[in-house]
Amino acid sequence: MSQAEGRWTTQQSNRSARLARVQAALGGALDGKVVQASHIVELLNAVLEPGDRVCLEGNNQKQADFLGKALTRVDTGRVHGLHMLLSVLSLPEHLDVFEKGIASKLDFSFSGPQAGRLAKLAQSGKLNIGAIHTYLELFARYFIDLTPRVSLVAAEMADRDGNLYTGPNTEDTPAIAEATAFKSGIVIAQVNQVVDKLPRIDIPGDWVGYVVQSPTPYYIEPLFTRDPAQISEIQVLMAMMAIKGIYAEYEIERLNHGIGFDTAAIELLLPTYAAELGLKGKIARHWALNPHPALIPAIEAGFVESVHSFGSELGMENYIRARPDVFFVGPDGSMRSNRAFCQAAGHYACDMFIGSTLQIDLQGNSSTATLGRIAGFGGAPNMGADARGRRHPSKAWLKAGQQAREGRNMIPRGQKLVVQMVETFREHMAPAFVEKLDAWQLAEQANMAIPPVMIYGDDVTHILTEEGIANLLLCRSDEEREQAIRGVAGYTPVGMGRDKRMVENLRDRGIIRRPEDLGIDKRRATRDLLAAKNMKGLVRASGGLYEPPKRFRNW
Amino acid sequence: METLNYRFDGGDRSLAGMPQLVGVVGSGNLEVLVEPAPLKGACEIEVRTAAVGFGATWQAVMADFHARWRLADARISINDMGATPAVVSLRLDQAVESLLPPASGGPA
Amino acid sequence: MSSYLELTARQRIPAVFDPGSFEEFLPPSARVASPHLAQLDSPVSFDDGVVVGRARLGGHTVFGAAQEGGFMGGAVGEVHGAKLVGMLRRAIDERAHAVLLLLESGGVRLHEANAGLIAVSEVMRAMLDVRAAGIPVIAVVGGANGCFGGMGIAARCANTVIMSEEGRLAMSGPEVIETASGVEEFDSRDRALVWRTTGGKHRYLLGDCQMLVADEAQAFRDAALAAIAAIRDPRLTLDELLAEQAMLTRRLDSTAGLQEPMDIWKGLGIDDPARVPMLDADAFLQLAAQHRAGVATGER
Amino acid sequence: MDWQTVAGQLFPQGHDIVEHDNFLSGSAQVAGQEVAIIGTTGHTPIGIEIALAQAKAVLTTVQQHPGRPILILVDTQGQRLRHRDEMLGINSYMAHLGKCIDLARRQGHTVIGLVYDQALSGGFITSGLIASACYALPQATIRVMGLPAMARITKVAEERLTELAKDNPVFAPGPENYLRMGGLHGIWADDLAGQLARALAQANQDDQRMALGQERGGRLLAQPVVDAIRTGSDVRPA
């Protein structure tokens, strides 16, 4: 090889050197691409180099937990100062590597249960946060300036050639593997099983460096299962308001839901309340959504035409397999999810995002940040933002755009509906409406460049509380916006600080709509409106196909 | 625990029938006992709550309740375990609806 | 079709007894609440979590009680227990046709622990006094909080226990066992295991509950009517207790070494025990009819 | 106190009580009368086997020795906390034991409970607390659960509970408090043999514990509640 050629192939040469180190270190413990689980730490010691960018597949749901644990046991003399890339940092070992000095820098998206410890480590200086991203941003940076040298991913099965079957929980794997494999990086996959023939190939074997069968199946969390038994009468009322006051009003056909009980209540009211309003076939036909068990009754009632998913949900496998007209399934019958595509779909192809939050300020900024915790964002900001690049029209998009521009000298365009749905008080009487978000204080504490806002006020189009719906599209000044928000903030200090006359005026103009303005009889807001009242009801609705995880059963 | 007392005059709707209890003293919930009582036309409300320091909120919720129903000669007693105003209003309405004569209709 | 489990104690009364027939003893307006909770800064309830009174069921005078699982888990304190005892004694005074107890309780109320413990034993003795007076006692277990601790024992002092699959009848809650003996002993988060271990179907198969119904208020009412009608002599007899001794001994012997309820069901001759949990009440009763462990109680 | 010492003091003329896996059974003479003894020792948790063994002993006494008084010797740390016990229905085993004792009493057997060491929660309900009358030795431990565990479950600070326990029989462990509440008929400081003879002679078949609790000032509301219900009146607290 000439010197000139070598100048442009340093990454490839480096990759070859790593592979050779592995061959030398593992010898007989290596069977083609298949590594014995007992040699996993040796493999990592040989593959990794100090300062490597390492993507560890921690997804919203599935976790490369075996590889994550192995990474905490590497020889710190050889491997240190790693730059970790994680979309979801949710297992203790994800932070153990920082405590042990194996890694020092972190770029991530969501931290959930580890948020408190992450904040402490960041404060102690053992962990240096590059940035906190949304999922799409982080995936995007894998292809721009944060390309992994080594990726540790999880799949259900592999064959001896390294082909991977990710099954229903494909999630982030394609994005990670593609970014790594095509930039001379090395993909190492933990799999539940090594088999001779895969049900289907999700990741081609020539993208994959090594495969290891982990002693226990990868950890996976049922994040999207909401037991209908826990839905309150207030949530039923809010779901009625959402359906009648927003879904019907804008004829929303393409949408994404958050994961809370509020939106589960809407899903369970589609076959009852929405059907009664004659909305079947007119609303909620196409979804970017994980396979929510609460959506089963609506699917069975024929409301839902298609669902594309970020990931799967435990227990839904057989139901999905039996409904290929609705879900995206492979020739083998199991679903294929893809977080990157679904996030893009949610951003560009949906007319509405509706979800709950913890705090909303007077500008409509909405945040789930809590003091002492660095929780990150996940995917909500991509869903809950106007897609300013969008050009294709739909009724809902056009109507929202028209409401926002009416009476102003602006060129016509549409707008995405972004609805924040929240009870005025959370548990323990914590008000959902505040003058100033906790995010400001958190930003100061953790030295962040900007307060961690989940959804920016200028993207929020509607705020829905048990008190009413505030349509921010129709507000014509900052003052009107503020009073519209105060007007649905109920008995919170923010709500009680409203200008009563102005709020009544906003109500006359339809900017604030109370349940009675929508023609909703509050006495009908009982749990009897739910298409399924408990987990067993969901199983029944699925014809016995849905098998809830054991922690959700009371039978 | 905190005890709060409110009294509203000027109501004009009287209750009929036996005292009614609705709701349960469980987390985020409350029980509301509504009874007809000779109170010279007033509506008296006593709240015993586990959530201390929300007097102003209760005052506002109760004032709206009175404006909505305009009860006269009524005693309302509440045991609360941190219910939100939405739940409080819902239980109050349920309790009153169970005690108003059928012909008297809904809230004003 | 209304779920019994979702109803409050106060809503269960008119759903199970003849509508409009219930006369409550010491109703909420009497404000006989616990005298012990205030000092612990804990809210009281005007009925101390139990509704007691006299009603009609199928036209007969039947005394009854309903525990409110939403208030302190239905736990028994001084007043709560005394209301039950008072109702049971008055049932004897007035020669009631039967007593129907809608139970939902975690057992002794720890906020007034000593009073609660004694009270539960008083309830048990009063129930047995009622039976000794020739009055049937029926216990219903179908609430979300189950029937645990001392009230789990008390339930089994009734002539007949009626459960839904969702009801749970046991002594110590899974969380208590997990805390004391570790998650390997009993994983309280494995709710399917919790229900296999303590739920209505398992209790029915073992013979600890005599009637199993779907989670519907009407089904409980119908079962209560049938149970009362079936009892010829509600009094406790030596023969009944000898039979129960034999049944409980058989149970111990035939389950030696078993750790999993499904293995017990298999031992009872159910070929595919894994499908038992998903069967609805009718299908389950059909299956169980051939396999249920022998029962010896007052109604036979 | 170990059971041999207690038995020695209760039955100075001798007894034939034997211990088998913490289960006690036997008989002895009290004031010229044969008495059956059933009980537990070693703070043993009450599991399904030992509940069943006690029940069997009671039933055997009822069958073979009609009318013979029964003394229940109580020493237990409470119900056994095991999955298998719950799976097999420990509540039914305990209820069965309780019903056997109840039947014996109704058939003319005077049943006396004696807490000679420890009586906790579920283990006590179907032993001492279902007897015609229950007594305790002064140094016995009687409680539902310890204050630290109670603090965890009730979410009341342990210091506060300890403070309240000083003069409030409702929380505080110990025989004195159970005596005040009527849960115990008496505490036997000495002359156990004489105390037992008197207890057997005085035993009453009716449940008088509420009245005792009211008389002794430890449980003021229970009896008035029962009276109000039976007379169809309102409660007039004492």
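Observations
Note that the chains are named A, B, C and D in the order they appear, and that numbering of residues resets to 1 at the start of each chain.
Throughout what follows, a residue touches a chain if its C-beta (ideal position, glycine included) is under 8 Å from a C-beta of that chain, and two chains touch if they have at least 3 such contacts.
Note that the structure is predicted; figures quoted are calculated from it, not measured.
The set of chains touching chain B and also touching chain D is given as C. Counted by C-beta pairs in contact, the busier of B-C and A-C is B-C. Ranking every chain by how far its Cα centroid lies from the centroid of chain B, the top place goes to D. Chain-level centrality, scored on Cα centres against the all-protein Cα centre, points to C. Chain B and chain C have Cα centroids lying 34 Å from one another.
In terms of their C-alpha centroids, the spacing between chain A and chain B amounts to 42 Å. With centres set at the average Cα position, the gap from chain A to chain D is 58 Å. Of all residues in chain D, none touches 2 or more other chains. If the chains shown are joined wherever they touch, the resulting network has some other arrangement, not a path, ring, star or complete graph.
You'll find the chains touch as A-B, A-C, B-C, C-D. Contact residues of chain B toward chain C in the complex are 1, 19, 21-26, 29, 31, 33, 35, 48-50, 77, 79-81.
Considering their complex, residues 3, 6, 144, 165-166, 189-195, 199, 201, 277-278 of chain C touch chain A. Chain contact summary for the complex, chain B toward chain A: residues 28, 51, 54, 56-57, 60-61, 82, 84-87, 90, 93, 97. On the side of chain A, the complex with chain C involves touching residues 229, 527, 533-534, 539, 544, 550-555.
Put simply, chain C touches chain B in their complex at residues 8, 10, 27-29, 31, 38, 41-47, 68, 70-71.
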